[in-house]
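Presented sequentially are two complexes of subunit A, the first with subunit B as partner and the second with subunit C.
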Partner chain A sequence: MRMRLRVKHSALVVLLVVLGNRASSQAAFPVDTAKLAERADETTSISLDKTMLQFAGKFLSSSEEDREAQRIIAKLDGIYVRTYGFKKPNTYSASEIESFRRQFSGPEWSRIVAVHAKDPDEDTDIYVHMTDGRVAGMFILAAEAGELTFVHIVGAITPEDLDQLSGNFGIPKKHLKKEQPRGEDQR
Partner chain B sequence: MDELEKALKSALRREPAPEGLSDQVLEKATLRSGKGTAWWRLPVVRWSVAGVVTVACIAGGASEHFWEQKRQERMRGEQARQQVLLALRITGTKLSVVQKQIDKAINDGGGQQ
Partner chain C sequence: MKNLGMQFGVILATAAVLASTMVPPALAADLEFDALVSSIERRYQVRHEHIPLLGFASFCAWIYTRGGVKGLRVADFEDTDARISTEDIDSFVQGKLGASWNVILRSHEKENKNDTIIYVRSSGDKFVMLIAEVEKGQLSLVKLRVNANSLSRWVNDQERHSEK
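Coming up: the complex of A and B.
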């Protein structure tokens, strides 16, 4: 009897741990992209929580790019990126993208940018996660014909901070710098 | 002839060993055997060498484990660094595309959203 209780207790603990891990991973990435991953020809998945960012920070060098990365990640609690590449265009449907967008319809998320371009065909949405009137995160959803990109940044970061990415990480500086004063909500 | 025999008998007659001779012989034998043993065969030296070798082996193993851990940590750190840079690169690229589109929309007089 006691043995049976112990087994039940252990099973419950294991279940709670599994559910806890699942919940925390879902919290880290607010959309479920598992079905897309199955269909994708190329997948890039990066999950860096605060601990990993701090760990990575120790290995950043004194180069300009690394120093900029250090400055940005110091504010963050996590960066989660998922990129899915498709050889065949339109492998995903517009309704799938819409279902992703619906997941940000809650009051805690605000869409600050929604851009649709026809040439090249690309939709980009930027959402900001607000907690107690403060920015607590950002989500970028970029849909191209052959590629879907999701970026979830957790932490008190602003679009202005992200402008600092210009000139680093292979992004031309003059372009973003020139546009910086006009980088406002285009909704 | 008798004289010779007498001299021989006298010379060869059995005499009891002086008192303490056996002890003296044993002592000298022990001393000689001590002088003949090489220093590295002494038990103290043997045990000391064994101890030093054991400690050296343990220290060597621990040191190798330490450096291996350091090497693996460096590798993990470098991987994490590359991931951070890639994540920021992807983010920056997407923001750059948005910025371009916004710029284009503004220049076109708000033609596109």
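Coming up: the complex of A and C.
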């Protein structure tokens, strides 16, 4: 009998999800990523519905910053993250990214952030979903040479809230910093 | 003499009550997990492997996290004939668990043919997690119960400790 190392890794994954990354449930995802999933070397799908968000929120600390994050997640209905990792750079094409962007060209979506960084080559787009004049959610598309990340946040969230949540719940932190590193162009 | 006998009886009864309340939660039966393991064994014609001292490990986790994590159960299946596929085990497990469970995480690693799926059922402040991992035809199941309030208190205490 042997206790496989992967079992321990799985237990670790749970703790990372719940305690560390405080990540992740399943709603209608705005983009179809099935073709990407077929080509990706690593795929991760995180789904945190309202109940799971409340649960994960309990693990935020009592610091002022985390109390603010708790206030924000109380307004949210879900956070859904899809990450695709590729060993070979540029496994996906620019036209594929463009086709994802086109899915947000409808009147209910507005792009509020579009950042292109040259070194390393990174693209980040943030879209706001409006319903009846109110913010109903956000979508983040973060493209790097070896990784594509899609984040769908459902609920009333502001750009400031997003900045506060970045780094938690599977939301990438580096893409959402207000300060732009050198060599970046604002499109 | 009669008094002594009565006192002895009271002590015995108290000890029995205390002993019953101190049984580690890991040793308590988890019929749901046992039923799932049995049904997997029947479906794929495999036997799960016994993991020694798992009850003790669960008890330690319960003590260490001050009641935050308990009821750790693990079942490891060596599927030498590679009958188990991720898609099949996922739909089978979901069918057995029922609608009260949600999938919160799925991950796939192509090179190692490794898939991890985390199922969660919530009930107030208590959550039950089941992790299924399939790797090259082998299956591991891990189940644990989490008390959110106890665990968050413990996590916050740990954070305060590390800040000092």
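The rule is short, and it goes like this: the second predicted complex is superposed on the first by the 120 of 187 C-alpha atoms of A that agree within 3 Å, B and C clash if a C-alpha of one lies under 4 Å from a C-alpha of the other, contacts with A are read in each partner's own complex, and residues count from 1 in each chain.
Note that in this section contacts are C-beta pairs under 8 Å (C-beta built on N, C-alpha and C of every residue); 3 or more make two chains touch, one makes a residue touch a chain.
Source: prediction; values computed, not measured.
Engineer: Go through the superposed model and pick first if A:58 touches only subunit B, second if only subunit C, both, or neither.
Structural biologist: Touch partners of A:58: subunit B and subunit C.
Engineer: With the two structures laid over each other on chain A, which partner does A:41 touch: subunit B (first), subunit C (second), both, or neither?
Structural biologist: After superposing on A, A:41 lies in contact with subunit C but is clear of subunit B.
Engineer: With both complexes superposed on chain A, which partner does A:74 reach: first (subunit B), second (subunit C), both or neither?
Structural biologist: After superposition on chain A, A:74 lies in contact with neither partner.
Engineer: Which chain, subunit B or subunit C, ends up touching more residues of subunit A in the combined arrangement?
Structural biologist: Touching more residues of subunit A than the other partner does is B.
Engineer: So, A:116: does it touch subunit B (first), subunit C (second), both, or neither?
Structural biologist: first
Engineer: Looking at A:49, would you say it contacts subunit B, subunit C, both, or neither? Reply first, second, both or neither.
Structural biologist: Touch status of A:49: second partner only.
Engineer: Of the partners subunit B and subunit C, which touch A:151 in the superposed model: first, second, both, neither?
Structural biologist: Touch partner of A:151: subunit B, not subunit C.
Engineer: Take the contacts of subunit A with subunit B and those with subunit C, and give the residues found in both.
Structural biologist: 44, 46, 48, 52, 55, 58-59
Engineer: Show me the residue ranges of subunit A that touch subunit B in the complex, using the header's touch definition.
Structural biologist: 44, 46, 48, 52-53, 55-60, 65-66, 69, 72-73, 79, 81, 83, 113-118, 122, 124, 126, 140, 142, 149, 151, 153, 159, 162-163, 165-166, 168-172, 175-176, 179, 182-183, 186-187
Engineer: In their complex, what parts of subunit C are in touch with subunit A?
Structural biologist: 49-52, 74, 76, 102-111, 114, 116, 118, 120, 122, 125, 127, 129, 131, 133, 135, 138, 140, 142, 144, 146, 148-149, 151-152, 155-156, 159
Engineer: Name, in rising order, each residue of subunit A that touches subunit C in their complex.
Structural biologist: So the residues of subunit A in touch with subunit C come to 1-4, 6-7, 9-11, 13-14, 17-19, 23-26, 37, 40-49, 51-52, 55, 58-59, 61-62.
Engineer: Could you please specify the touching residues of subunit B with respect to subunit A in the complex?
Structural biologist: 74, 76-78, 80-81, 83-106, 112-113
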